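Alright, structures below, take your time with them.
Note that chain A is present in both complexes that follow, paired respectively with chain B and with chain C.
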Partner chain A sequence: MLANLTSSERQNALVIAVAVAIAGAAMAIAGRADVMGVHGVIVMLFGGVVAWLVMGSLYAPEPAEDRSASYYDDPIKVGIALAMVWAVFGMFMGVWVAAQLAWPSLAFDAAWSSFGRLRPMHTSGVIFGFGGNALIATSFHVVQRTSRARLAGQVSPWFVLLGFNLFCVLAVSGYLLGVTQSKEYAEAEWYADLWLVIVWVTYFILYIATIARRKEPHIYVANWYFMAFILVVAILHIVNNLALPVSWGHAKSYTIWPGVQDAMVQWWYGHNAVAFFLTAGFLGMLYYYLPVRAQRPIFSYRLSILSFWGITFFYMWAGSHHLHYTALPHWVQTLGMTFSVMLLVPSWASAGNALLTLNGAWHRVRDDATLRFMMAAAVFYGLSTFEGSFMAIRPVNSLSHYTDWTVGHVHAGALGWVALITFGSFYTLVPSLWKRERMYSAALVEWHFWLAIAGTLIYVFAMWNSGIIQGLMWRTYTEEGALAYSFVDSLVAMYPYYIARAFGGLLFLIGALVGCYNIWMTVRAAPVAAARGSDVPAHPAAVPGE
Partner chain B sequence: MAEVERDPFTGRETTGHEWNGIKELDTPIPRGVLMFLIVTHIWAIAWWFFVPAWPLGTTYTKGLLGVDQHTTVEARVVEGQRQRAAWTSRLETEPYEAILADQTLMRTVRDTGRQLFGDNCAACHGRDGKGRANYPDLTDDDWIWGGTPEMIEQTMRVGVNSPHPDSRVGQMPAFGRDEMLDRDQVRNVAAYVYSLSHPDYASAQTSARIDAGREVFATTCAACHGENARGSAELGAPNLTDAYWIYGGDLDTIIATVHGGRQGHMPTWDERLSKAEIRTLALYVYDFRNGAR
Partner chain C sequence: MDFSHETFLAFSKSWGLFYMMAFFLCVCAYAFWPRNRKRFDRAKHSILERDDRPWQK
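What follows is the complex of A and B.
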C-alpha cells in the first residue's frame, strides 16, 4: 500500500508519524502522575509503529506515473477491515453489558469491568469504531465514484483514517481506566477531543477538495449527506467539548457550560450525533449502494431535496426533547417537541424514496440478501424515525423517558438501520473493491441477514415490553395516592426482558462474526480480470474536464 | 453526460444526470407526502400558540393556555397531598396503638410501606427486611436499639453513627488493634462469648480459655453488654447470648469483631422522608413480626 505513495509523500507521512510519537512522549511525561501518562504511551506507540512501517519502504520504487487516472482504494480497504474489527469488539461489549444487567455478578466485582465503564466502551466502539470507520471508508469510495475523481490527497486519507482510529483507541481505553467527562457519546477527555478536531477538519478539507475536483457537473445526493455529516459533526464536537483541563498533565477537565446550559448543549450534541453521524452519513451510504445494487434509478430527485433540507434544518432544533420535564425552560421543550414532529415527513421521505426506488427490483430483494439488508435498513429507518418523533411529544415522553423504551428505540435505529445499511453496503462494496465476482458465500450473507433481523427484533420487542412496563409501574398509584411499586419492583419485572435482550444482541454479534468470515474469505479469493459492474474510470487530472 | 431518458418500469423521465451508473427519476413529490407535511406543520404551529414556545429577549411567548411546567407540577403535588391527607394526617398525629388497632389504616400502612421500604430501606435490609451479612435482620425479635414503633421511629429519624446531632452512637472499640487487649485476651473473650450462644462448645480443652475469657468480659465488655451479656437497647449494645448476629456469630468473626471493632451506620431520614412516611415505615417494620409469626 505504501508503494502507491511517492517518496516525498512517504517522507511527509514519516514526519507526521514521528510528530505524533513525540506528542505522545510529551503526554507521557507531562501526565506521568495520571492516567493521561498511559494514553501518552499509547499515542507514542501508535506513532512509532506507523513511522516504523513507513520507514520500512521509505526507499521503495516510485509508483506508476498517472495515479490520478485511478481511484484511491487502499484506505477504503483498510477502513472496511477496521470497521469490522470494531463491530465485533463493540457488539461483544454490548452483549457483555446487556448480560450484566441480567446477571450483575458478570462485573466480577472489579472497577474496570463495572457497567459504568463498559457501557461507553460499547457505545463508542459501535458508533465511532464501527460506524465511523464504515462512514470514512464508504464516503471515500462514494465521493470518488460519483465525482469521477481520485481523492484530493495521498497521505491525508491515511491521516484521517488512522488518526480517527487513534481517537477511538484513546476513548475506549480511557473508559477502561476510568477517564470520562461524563457526557454521553462524548465521554473522551480533552486531549483526545483536540486530536479529533485536527483529524476531522482534515477529513472535511479532503472531502471538499475531492468534490471540487469532480468531473461530473452535479454533486450527487450521497455527497450532500456525507458533507453535512462531516461539517456538522465538526461543529457539534467542538462546541460540546469546550472544556478547561485541570492541568496539562491531567486527563480531568471541566466543561465551560454551566448547569442547564450544559445539559442543553450536551443534548443538542447528542441528538445531532444521531442526526448527522448515525443518520445523514448512513443516508449517504443508502443513496449510493442501494440504487447500485438494485440497478434502479432513484425514485425521486425532488423527494431527495425535500428530505435533505428538511433533515438538516429540523434536526438541529430537536435536541431539547431529551430534556422534557427537567430544569430546562418549558418553551425550549416545546420547540424541541414541535421541531421533532415537523422532522417526521422529511425523514420518512428518505425512507420512502429508498423503498420506492426498489419498485421494479423487488424480485432482487427476494433473491439477494445484500439488497434485502438495505431494504430492511430503510424500513427500520422509517420505523425508528417515526418512533423518535412520537417519543418527542411531551406526554408520550413522560411515559417513555428514563425507561428501556428509549434503549429499544436507539437500537431499532442502531441495529436495524445503521448496522444493516452498513452490512448491505459492505457486501456490495467488498467484491467490487477487491475485484471479485461476488462475495465468497451468498449463503453466509443470507445467514447473516436472518441472524441480524432476528437479533434486532428480539432486542427491540424485549425493550418495548420492558420499557412500557417500567414506565407504567413508575406512575401507578394506589387508591390512597401513594406509589404502588418501588423501583426495585420494576427491576425485578425487567429480568426476563434483560435476558431476551442479551440473547438478541448475541444473535446480532454472531451475524457480524459470520460477516467478518465471509469478507475475509472474499478478500482471500483470487481476483477476476473484469469485476462485475465495473466503475466508470476516474478522470485523469491532466486532461481538462469536458 | 447522460441524456434525459424515460424509465420503462415507471414511465417517469430521469433528470438527465448520471453518477457511476446511478440515475434519478424526476418524479414529483407525492401529494400524500405534501399533505402530511402540511398537517405536521399546522400541528406544530398550533402548539406554539397554546403553550410557551418562542423566546423574546428576556421573556418568551406564554401561550394561550397559560400553562407552565412549574405551576403544573406544583398543582399536581398539592393535589397528591390533598388526596393522601386522609390517612397521612392520622399517621402524623395518632398514637401507634390507635393506628395498630385500625385494620383499614394498617392496610394502607402495609401498601404504602412496601413501596417506601423498597425505595429507601431495601438496598441494605433487603426487600423482605431480612438483612444480609453486616446489615441487621428486621423481621426477628432481636433489636439493638429497641423494637417498639416509637424506638424504630427514633432510630430512623436520627440514624446510627450519622451526622444528625441526636444520632444514636454505637461504637464497638477495636480492642485488639488499639492494644486494649492482647492477642490471647482477644481469643479468650471471643471463646467465652461464643460459648454463650453455643453451650456445647465448653469442653475439657476449651474450659481454661472460656474461664479466662469470662474474666476479660467482666472487666472490659460488661460495661456495655451487661454482666449477663444480654446487651442494652439504651446503649445499642447487642445481646450476645442469642442466635442473632449482624456480623456473624462464628468464632472467627467474633475474634475479628473484638480485634477490629464495629461501627455500623444507619443514615438519618429526618430530612429525607416526611413524618408520615417515617411513621408508616416504623409501623411497616414493626409489622414484619406479624408476618413472620
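What follows is the complex of A and C.
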C-alpha cells in the first residue's frame, strides 16, 4: 500500500506520524499518573507504529503506474477491514452488557467491567468504530465513482482513516479507565475531541476537493448526503464539546453550557448524531449501492432531492423531543415534537424511493441476499422513522421515555437500518474492490442475512414488550393513589425479556462473524476475475420492467 | 434594541416559519425546473455505467 505513495508523500506521512508521537509524549509527560498520561502513551505508540511502518519503505522505488488512471482504493480496503473489526468488538460488548442486565454477576465485581463503563464502549464501538469506518470507506468509494475523479489527496485519506481510529481507541479505552464527559454519544474527553476536530476538518476538505475535481456536471445525490454528514457532524461535535479542562495535564473537563442549556445542546447534538451520523451518511450508501446492486436507476431523482433538504432542515429542530416534561420551555418541547412528526415525510420519501427502485426487480431481491440486505434496511428505516415520530409525541413519550421501548427503537434503527445497509453495501463493494467475481460464499451471505434478521426481530420484540410493561407498571396507581409497583417489581418483570434481548444480540453478533469470515475468504481465496472491465455485478443487460 | 427571551421567541416563531417556507419553495423550484430534468436523468443513470477508471483526457 505504501508502494503507491511517492517518496515525498512518504516523507510527509512520516513527519505527521512523528508529530503525533511527539504530541503523545507531551500528553504522557503532562498527564503523568492521570488517565491522560496513559492516553499519551497510547498516542505515542500509535504514532510510533505508523512512523515505523512508513520508515520501512521510505526509500522504496517511486510508484510505477500512472496513479491518475485509477481510483484510490487502498484506504477503502483498510477502512472496510477496520469497520468489521470494530463491528465484532462493539457487538460483543453489546452482548456482554445485555447479558449483565439479565445476570449481573457477569460484571465480575470489577470497576472496569461495570455496566456504566462497558455500555459506552458498546455504543462508541458500534456507532463510531463500525459505523464511522464504514461511512469513511464507502464515502471515499462513492465520491470517486460518482465524480469520476481520484481522491484529491494521497496521504490525507490515510490521515482521516487512521486519525479517526485513534480517536475511537482513545474514546473506548478512556471509558474502560473511568473517564467520561457524561454526554450521550459524546463521552470522550476534551483532548480526544480536539483531535477529532482536526481529523474531521481534514475529511471535509478532502471530500470538497475531490468533488471539485469531478468530471460529471452534476453532483450525484449520494454525495449530498455524505457532505451533510461530514459538515453537520463537525458543527455538532464542536458546539456540544465546548468544555474547559481542569488543567492541561488532567483528563477531566467541564462543559461551558449551564443547566437546561446543556441538556438542550446535548440532545440537539444527540438526536442529530442519529440524524447525520446514523442516517444521512447511510442514506448516501443507500442511494448509491442499492441502484448499483439492483442495476436499476433510483425511482425518482427529484424525490431524493426533496427528501434530502427535508431531512437536513427538519432534523435540526427535533432534538428537544428527548426533553419532554423537563425544565426546557414548553414551546421548545412542542417545536421538537412537531418537527419530529414532520420528519416522517422526507423519511418515508427515502424509504419509498428505495423500495420503488426495486419494483420490477423483486426476483433479484429473492435470489440475491446482498440486495435483500438493502431492501430490509429500507423497510426497517421506514418502520423505525415512523416509530420515532410517534414516540416523539408528548403523551406517547410519557409512556415510552426511560423505558426499554426507547432501547428497542434505537436498535430497530441501528441493527435493522444502519447495520443491514452497511453489510449490503460491503457485500456489493468487497468483490468489486478486490476484483473478484463474487463473494466467497453466497450461502454464507444468506446465513448472515437470516441471522441478522432473526436477531433484530428478537431484540426489538423483546424490548417492545419489556418497555411497554415497564411504562405501564410505573404509572399504575392503587385505589389509595400510591404507586402499585416498586421499581424492583418492574425490574423482575423484565428478566425474561433481558434474556431474549441478549440472545437476539448474540445472533446478530454471530452474523457479523460469519460476514467477517466471508469477506476474509473473498480477499484471500477467491480467484481473480479475468479481464474484468466493470465495477458492477455481472449480467446487467436484462433490466425487466424498465 | 431589546434582546430579551420574548424578542427572540417572537422573531423565531414568525421569521423561522417564513424562511422555511421560502426555502421549501426554492427546493421545489430546483427539483422541478424543466431544464434540470436532463442533468438529473443523466446523474441517475450514470452511476450504472460499467467503467471503473477516473475520467481522462
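The criterion applied here is as follows: the second predicted complex is superposed on the first by the 526 of 546 C-alpha atoms of A that agree within 3 Å, B and C clash if a C-alpha of one lies under 4 Å from a C-alpha of the other, contacts with A are read in each partner's own complex, and residues count from 1 in each chain.
Quick note on the criterion: a residue touches a chain if its C-beta (ideal position, glycine included) is under 8 Å from a C-beta of that chain, and two chains touch if they have at least 3 such contacts.
The structure presented is a predicted model; accordingly, all values stated were derived computationally and were not measured.
Participant: Following superposition onto chain A, is the placement of chain B relative to chain C best described as a clash or a fit?
Facilitator: Result for chain B and chain C: clash.
Participant: Touching A:146, do we find chain B (first), chain C (second), both, or neither?
Facilitator: A:146: touches chain B and chain C.
Participant: For the three-chain arrangement built by superposition, which of chain B and chain C touches the greater number of chain A residues?
Facilitator: B
Participant: A:359 contacts which: chain B (first), chain C (second), both, neither?
Facilitator: So A:359 only meets chain B here.
Participant: In the overlay, answer first, second, both or neither for which of chain B and chain C A:342 touches.
Facilitator: After superposition on chain A, A:342 lies in contact with chain B alone.
Participant: Between chain B (first) and chain C (second), which, if any, makes contact with A:498: first, second, both or neither?
Facilitator: A:498 contacts neither chain B nor chain C.
Participant: Is A:69 touching anything from chain B or chain C once the two structures are fitted on A? First, second, both or neither.
Facilitator: second
Participant: Looking at the overlay, what does A:301 touch: chain B (first), chain C (second), both, or neither?
Facilitator: Both partners, chain B and chain C.
Participant: State whether A:292 touches chain B only (first), chain C only (second), both chains, or neither.
Facilitator: both
Participant: Check the residue A:203 against both partner chains and state whether it touches chain B (first), chain C (second), both, or neither.
Facilitator: The answer is neither, since A:203 touches no partner chain.
Participant: Would you sort A:215 into first (chain B), second (chain C), both or neither based on which partner it touches?
Facilitator: It touches chain C, and chain B stays clear.
Participant: Of the residues on chain A, which ones does chain B touch that chain C also touches?
Facilitator: Residues common to the chain A contacts of chain C and of chain B are 145-146, 148, 216-218, 220-221, 288, 291-292, 296-298, 301-302, 306, 331, 533, 535-536, listed in rising order.
Participant: Which stretch or stretches of chain B touch chain A in the complex?
Facilitator: Within the complex, chain B touches chain A at residues 1, 7, 9-10, 14-15, 17, 19-29, 33, 36-37, 40-41, 43-45, 47-48, 51-55, 60-61, 67-70, 80, 83-84, 86-87, 108, 111-112, 114-119, 122, 127.
Participant: Per the contact definition, I'd like the list of chain A residues that touch chain B in the complex.
Facilitator: 145-146, 148, 216-218, 220-221, 288, 291-292, 296-304, 306, 325, 329-331, 333-335, 337-339, 341-342, 344-346, 348-349, 352, 359-360, 478, 480-489, 533, 535-536, 546
Participant: Along chain C, where are the residues that touch chain A in the complex?
Facilitator: Listed in rising order, the residues of chain C that touch chain A are 9, 13, 20, 23-24, 27-28, 30-32, 39-48, 50-56.
Participant: What residues of chain A sit close enough to touch chain C in their complex?
Facilitator: The touching residues are 68-71, 144-146, 148-150, 215-218, 220-221, 288, 291-292, 295-298, 301-302, 305-306, 309, 313, 331, 432, 533-536, 540.
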